[in-house]
Each structure stands twice: as structure tokens, then as C-alpha cells.
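What follows is a pair of complexes built around chain A, which joins chain B in one and chain C in the other.
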Partner chain A sequence: MSRPGLANACAAMLRRDLTLAWRRRGDIAMPVLYALIVTMLFPFALGPEDTLLQRIAGGVVLVTILLAMLLALDAMFSSDIEDGSLEQLVLAPQPLALMLAVKILAHWLTTALPLIVISPLLAGMLHLPTAVMPVLVLALLLSTPMLSLLGAILVALTAGTRRSGMLLALMLLPLCVPVVIFAAGAVAASQQGLPWLAPIAWLGAALVLLLVLAPLACAAALRIALDA
Partner chain B sequence: MSKWIPLWLHKLSSPPTFYRFAGALRPWLLALALLTGAIALYGGLVLAPADYQQGDAYRIIFIHVPSAWMSLFIYGVMGFAAFVALVWRIKLAEVVAMESAPIGAAFTFITLVTGSLWGKPMWGTWWTWDARLTSELVLLFLYLGVIGLYHAFEDRRQGARAAAFLALIGIINVPIVHFSVNWWNTLHQGSTIRLLGPSTIAPGMLWPLLTMMLATKFYYLASLFGRVRTDLLDLESGKDWVRTIATGSTLQ
Partner chain C sequence: MTAAPTAATDNVILLETRELGFYRQDEPVFASLNFRLRSGELGLIEGDNGSGKTTLMRILAGLLHVDEGELYWHGQPLQREHCVGEVLFLGHQLGLKADLSPSENLQVAVGLHGYRAQTTLSAALAEVGLSGYDDEPVRRLSAGQKKRAALARLVLLPATLWLLDEPYANLDRTGIALVNRLLEEHLARDGAALVTSHGAVSFHGGEPQRIRMHA
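Let's look at the complex of A and B:
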């Protein structure tokens, strides 16, 4: 029996995950709605003063998107675990780390990308200056894949447990402290007219490192969590 | 000699041997911890001179600093045991890693509480978003994550392996968090005790601090041995050696 090439397998995996996500379009909209609602609550809680909202806008948008992603993270492998296709993936001849990397990419495309698309809207609701928007979007483009990759490792670790929602938050939040610091640092620097390239460069370097290591760690974690 | 040590370590990693070994050592460790702890407290609270700036309030460092050292030291031990557990699948290493976590979390908590008690008179606030304080808080969450993940699994050995993996990720994360938080904000005073080069702390304050460090190490070992013994009995409850202990004919 001829084995399908790696590129074919990756493409099939990506197509399958995107198709599955598209069949359940409502789920894609949920994190976006969540982020909108949370952002809307801040002016109610803090008062509608422009200067105050402007000062916190970058941080609020980043944290809101982080929480929205955390909400969607649980679903990354859950349906595949339920119907057993994740075990088939572990047994497949293709390297598990690569297949998981494709799955993480599909998850990022369906949850983080819509959030990035509406992030200027969220920031605009809080009066973030238009000049800062490109930096915010750039910081999000670099930091959300990291959250997906880190989250994937932890979701894989909790694959063998039943209730994992709060646990996932407890495990992920310490790991994403540096990501939040540098992403928010870049936005704040750009808002104050300071050079913002350094934190962005750090984010980029960390993303490259994680792109290589996280799928391997995710595969190892999945093997630990699934062997019973 | 070079042949004896690996053989002895190999034997020690078998649960019944370790159970007896830890049981024999534990009272001595506990006694040493109490003794050195009492000496260190006397030295720190009575003999050591008052600080020329901070008065007597600085004396909390005799608890605070050794706890902070232990919070990192135990994370190191946990990470090492986790590595051994994952690579060689040694049951004892899993138990040591998992039973270290609550002790480490307790020391981290003590560090945070004593630091905040000291911060109120000195800095005028219970809590500030300083680099070291924040790193220590993140460390506490890392410990809690490991403990939580361990207990989330029905199968304890599987839970131990998953949590050991998380502990290893955390070990990579701790320096990154510390570095990034430093970049973000810092207020905590620099360290005054160095391994290399002269320390900038008065000798009268240094020796109680180092004695307390010893006391906390002894206490950690004693506490760890007690916890590991209980855990081993639980894990191996079907085995013969446990049955022998349970039915009264003593092994130790």
C-alpha cells in the first residue's frame, strides 16, 4: 500500500479541520461575541471618560482576546478524542508532531484570526488612537499563535481528564505572562511615541522558538495523556 | 566504590526499600530541623543586631529569605524528579515529584505572606507589582497547576506523568517569567548574599540565615519522606510488602 506524502497528509488534515469548523460556523462566532461583550463591559465599569479608556485600551483588548482564546481552547482536541480519531492520528505513520502542528494551525485560523480581524473594532470602542492600531494587530499576529501553541500542549496534557476548563486556565495563565507583558509593552510604547520594535522582535523570536518546540512537546504530552 | 553507589541507588528506588530507609531517617531529620530551626530563630531574633535603617522589622527575613530559597530549590528538585520519572519511568521519582509540589507551594505561600507583612511597614503597601513578587506569585500558580493536574486524573500514575511534564515546562518558564517581569518593573532590593565574592550582609545576620536555610532543608526532607511513605503505601496497596505492614508483622 502506498503511503500518502507528508504534504498531502498535512493538506488533508488542514482541509478536514477547516471543513469541520465551517460546518459549525456558530462556534467560530462565539469567541468573537465574547470578546465584544467583555470589551463593552469595561466602559460601563470604569466610566466613559475618553482619556482613561484610551490609556487602558491596548491592555484590555489583549487580555480580552487572551480570555476569548482560552474559552475556545478546550475544544481543540475534544471532538477528536470523543470519536477516537486522535488515537488514529497517534498511530498514523506520519509524524505526530507535524500533524498536531497542522491541527494547531487550523485552530488558530478558526479562533484567533477572527479575533484579530475584529481587534481594531474592539480597540476603537475604547478610543485607541488609529496610529497605534497597526502595532496592536502586529502584536496580536505574533502573540496569538504562541497562545495557541502553549495552549495546545496543555490541552493535550489534560486530554485524559474529564473536567478541565478551570484547570486549563490555571495552567495556561502563568505560561502566558511573558507573552502578555511583551505584547502589551509594544502597544504601550507605540502609544507613548516610543520605539516599539524591541518587544515585537522578542515576540517574534519567541514565536519562532515555540513553532519548533511546541508541536514536539504537544506530541509528547498527548502520548503521556492517552496511554492508559 | 564506583560500583556500589549505582547499585545502592538502584536498590533504594524500589518502594519497600525506600519505605524503610525514609522511615529510619525521618525522625532524625525532623529532630535536626527542629534543633537548627530553634538555633537560627534564637540567633536571628535575639543575637543578631538590629538593622540601622529598618530596625527590628527586618528580622522577618530569617523566615522570608530561607522560604524563598526553598520555593525555588523545591521546584528544582521537583523538575529533576519529574525528568527522571519521565525518562526512566521510575515510580519513586514520580512520587517524589508529586509530593514535593505541595511542600513547595507552602514555602512559596509563606514567602509571599511574610514578604507582604514586611512590605507594609517598609514600602507602605501590602503588595506591589514588583518583578520578584510577581515572579513568586507566578511560581505559586505553577505549583498549583501541577497539583491540580495531578489530581485531575483518575489513574494516579498517569496523572503523575502528565503533571511531571507540566513541571518540566514550568522549569523552562520560570527564568523567562523572571526575565520578562524584570524588564517590566522592578523595585525589590538586590541580593546581598553571593556565592562568589563577598556578601554585603553583616556576619551577625548571615549565620542565622544560613542556619535557617539548613533547617528548612531538613524540614523539607523530613516532610517529603513522610508524604512519600504514605503515598507509596497507597500506590502499592496490593503488594505483599504492604500487606505485611498492614497485618502487623512489621517490616521496619
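Let's look at the complex of A and C:
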């Protein structure tokens, strides 16, 4: 018998999750449309005043994308638990944390990446200056993986509980506060012509930490969820 | 609990339980379960509904913790790292993705476990009678065909010990014969298998070891 290498196993998992997402591509469009509509509501509610919208644009786009990601979060492991795929994954001769990291990556690619792609459009609707756009996209590229990783831990912890969606939001949103502060801080600094590298560097450092720890925490939490 | 001696007494003991017990809210699901499973041997787990057959399977697979007693794998106390990849578990939940075709599902399994020597994906699908369903998502298959798609893992993946929870459920007569044939081939390769079943098992190899569950 031949044991497949880690690269093969990761590729198989990634291909599986991306194929599944592609078969249900309507679900990918849902958070994108949600973010679009929520952003559209702000000018209606606050009035089309340039200076006001410009000032809040960065924060609104960040929070909207955070909420849109929350919508798709509880599906991360639920179908795998229901159909027994997770049991098979736990029993496979591969490191579970790494396999879960691949699953989180696939989830980020299918939910967060489309949102990042439309983020300049969202920001443009709120008159964010074009010069600030790259900083916004950079802040999103670093903060959205953190939300996926933090979310994955909580989804794994609440796996097996019924109606976990609301509980998940209540647990995740407080944890996102630092992420939002640094990401919005970078955008605001760039808007005022100040150096914005420091908050971005903080986001990067926190992302590295989470990249290492979150899959391990997920693996432990899911093993506990199955042991019941 | 009884463990009748079987034909394969000279083979290595793969799995051994000593005074194994499991509790749910301090109520015993089963208690003092002792049996030895040798390579080339089939264990048939018998018991009424709720007697803990599935629980036992999940403990042996390493999904549930051991409450009481000890588990030995090749004579060593069982640890997950030792038997990983050697155990193949087929439970009530088949572990198939409904949106993927049978062959796509098997590709993932092979990606994680690897191939057994001299097997190919198409041959495995043909063996379980699903060769014409390559592009059909699993959700459109019947319950029996889904079961067959999961059984293809037995043909394809390398493993020493098979844990099959109700492998005959939903299968027609040829499907039942298929499971029996797969089991016979596996035992002939010096593998071992534990099977739970309500129905009669007409097994053509040696007499299976009967393991009776009771609280």
C-alpha cells in the first residue's frame, strides 16, 4: 500500500471544497449581494453628503464585509458533520489540523475573496478617495483571513449545538473588535495622509499567530464534538 | 460476553479489549466486554437495538474515548497514532458528499488514504456495480447505490481492520453478496473485520466470532 503525501492530501481536500462551492455557486453570490445592498443603504439613511460618507466609508465597508462573512460562516463544517465526511477526515492518516487549515483556506477563497474583489466598488459608492483603495484592499486581505480563522474555531466549538448561527455571531463579533480597530485605523490614517504601515503590520503579525494556532484549536474542538 | 475460539487461532492478535465499558450519564451502555480479534478473522457484533453496537464501533475507530477498560492494538495499548490509516470505518453516515459524483468522492478518499496495491478507481466502481454512474451526483442515487459507493472505499483503500456498522442495510441480494465477497477477500489477505448486523449473515469463510453485547 502507498500512503499519499501531504501535498496530495491537501490538494484533494482543496479540490473537493472548491468543487462543492462551484456546484453551489449561488451561495457564493449571496454574501456579495448582501454587502452590496447594505452599503447602498447608508447613503439613503445618512444623505448623499460627500464629506460625511467619505469619513465613514472605510469603517462601513469593513463592518459590512465582516457581517457578510458571518452569514456564510456556520456552513463551514456543518454539512461535513451531517454527512459523516468529518468522521472520515478525522480517521484519515493525515494531520487533522492541516486538513482543517485547507478547509478554512477553501472557505476564505469562496466567501471572503469575492467580497474583497468588490470592496473597491463598495468603497467607491461611499466616495472613498481612489488613493486610499489599495490600503483598504490590503487591510481586507489581512483581516478577512483572521475572521475566517477565528470563525472556524467558534464554528468548531459550537458544532453539534442546534441553532448555532446567532450564538456564533454573539461570540465572534467581540473577538473581531481588535481586527476592526487596526484595519479601520490603517484606512483612516491613509485617508489623512499619515503613515499606515504600523496597523497593517499588526494585522499581519496577528494573522501569522492565528494561522498557526487556529487550525490546532479547530482540530481539538471537532474531536470533542465528535466524541459525544 | 462470549468469545468462541475460531479457526484462525494461530494468527496474530490485532485487537484486544479487556473489560471494556461505556457509560452514558452513569448508565452503562455496555460493560466488561472482552474479545480478541486475530488477523484473518471476522467478528460479528450482536445485540438488540440500543445495546451499544454503534458505540463500540465508534470507540474502536477512535472517535469516542474509552470510559473503562483497556484496548490493545498488536499487543500495545491502543493509541491513535499507532493504528491511524490501518482502520477503515463505515458508519451509518456514509461520508459521501451529495453534490459530488461517486468517483469524485472516492478521489478525495484516495487522496487522504492512498490506494491499496493493484486497485484503480474505475475497477472499484465496477466491482460495486456503479460503473455507469460516473457523472451522477450522489444525491440522485438510491439509498442502496449510495451504500455501494461507500463500499467502494473498502475495495480501494488500504486498511487492516474494517469496522462495518450495518453494512447490509439498504442493500439488495446482490449487494449483500458483494459485502460478503469483499469480506472474504479481505480476510484472505489477513485483514480483520468487525461487523454489526441485525440480519442473518451467510458467510462462506470460517465461522465468524460472535461478540454479544450486554449491559
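Methods note: the second predicted complex is superposed on the first by the 228 of 228 C-alpha atoms of A that agree within 3 Å, B and C clash if a C-alpha of one lies under 4 Å from a C-alpha of the other, contacts with A are read in each partner's own complex, and residues count from 1 in each chain.
Everything that follows uses one rule, which is that contacts are C-beta pairs under 8 Å (C-beta built on N, C-alpha and C of every residue); 3 or more make two chains touch, one makes a residue touch a chain.
Just so you know, these numbers come straight off a predicted model, no measurement behind them.
Visitor: Based on the superposed arrangement around chain A, label chain B with chain C as either clash or fit.
Guide: fit
Visitor: Contact-wise, after the overlay, does A:L91 reach chain B, chain C, both or neither (first, second, both, neither)?
Guide: Touch partner of A:L91: chain C, not chain B.
Visitor: What is the contact status of A:R24 with respect to chain B (first) and chain C (second): first, second, both, or neither?
Guide: Touch status of A:R24: second partner only.
Visitor: Counting only touches as set out at the top, which of chain B and chain C does A:D83 meet: first, second, both, neither?
Guide: second
Visitor: State whether A:G185 touches chain B only (first), chain C only (second), both chains, or neither.
Guide: first
Visitor: Classify the contacts of A:D227 with the two partner chains as first (chain B alone), second (chain C alone), both, or neither.
Guide: both
Visitor: A:I153 contacts which: chain B (first), chain C (second), both, neither?
Guide: first
Visitor: After superposition on the shared chain, which partner residues are touched by A:L173: those of chain B (first), chain C (second), both, or neither?
Guide: In the superposition, A:L173 touches chain B alone.
Visitor: So, A:R16: does it touch chain B (first), chain C (second), both, or neither?
Guide: second
Visitor: Tell me which partner A:A45 touches in the superposition: chain B (first), chain C (second), both or neither.
Guide: A:A45 contacts neither chain B nor chain C.
Visitor: At the CA centre of chain A, how far apart in angle are the CA centres of chain B and chain C, to the nearest 10 degrees?
Guide: Seen from the centre of chain A, the opening angle is 90 degrees.
Visitor: With both complexes placed on chain A, how many Å separate the closest C-alpha atoms of chain B and chain C?
Guide: Shortest inter-chain C-alpha distance (chain B to chain C): 7 Å.
Visitor: In the superposed arrangement, what residues of chain A touch both chain B and chain C?
Guide: Comparing the two interfaces on chain A, one with chain B and one with chain C, the shared residues are 227.
Visitor: For a test of understanding, state which residues of chain A touch chain C in their complex under the given definition.
Guide: Residues 1-4, 8-9, 11-13, 15-16, 19-20, 23-24, 79, 82-85, 87-94, 99, 226-227.
Visitor: Touching chain A in the complex: which residues of chain B?
Guide: Touch list, chain B to chain A: 86, 134, 138, 141-142, 144-145, 148-149, 152-153, 155, 158, 161-162, 165-166, 169-170, 173, 176-177, 179-181, 183-184.
Visitor: Quick one: which bits of chain A touch chain B in the complex? Just the residue numbers, please.
Guide: 153-154, 157-158, 160-164, 167, 170-171, 173-175, 177-178, 181-182, 185, 217, 220-221, 224-225, 227-228
Visitor: Taking the touch rule as given, give the residues of chain C at its contact with chain A in the complex, in rising order.
Guide: Residue positions touching the partner: 61-65, 84-85, 87-89, 91-100, 104, 107-117, 137, 158.
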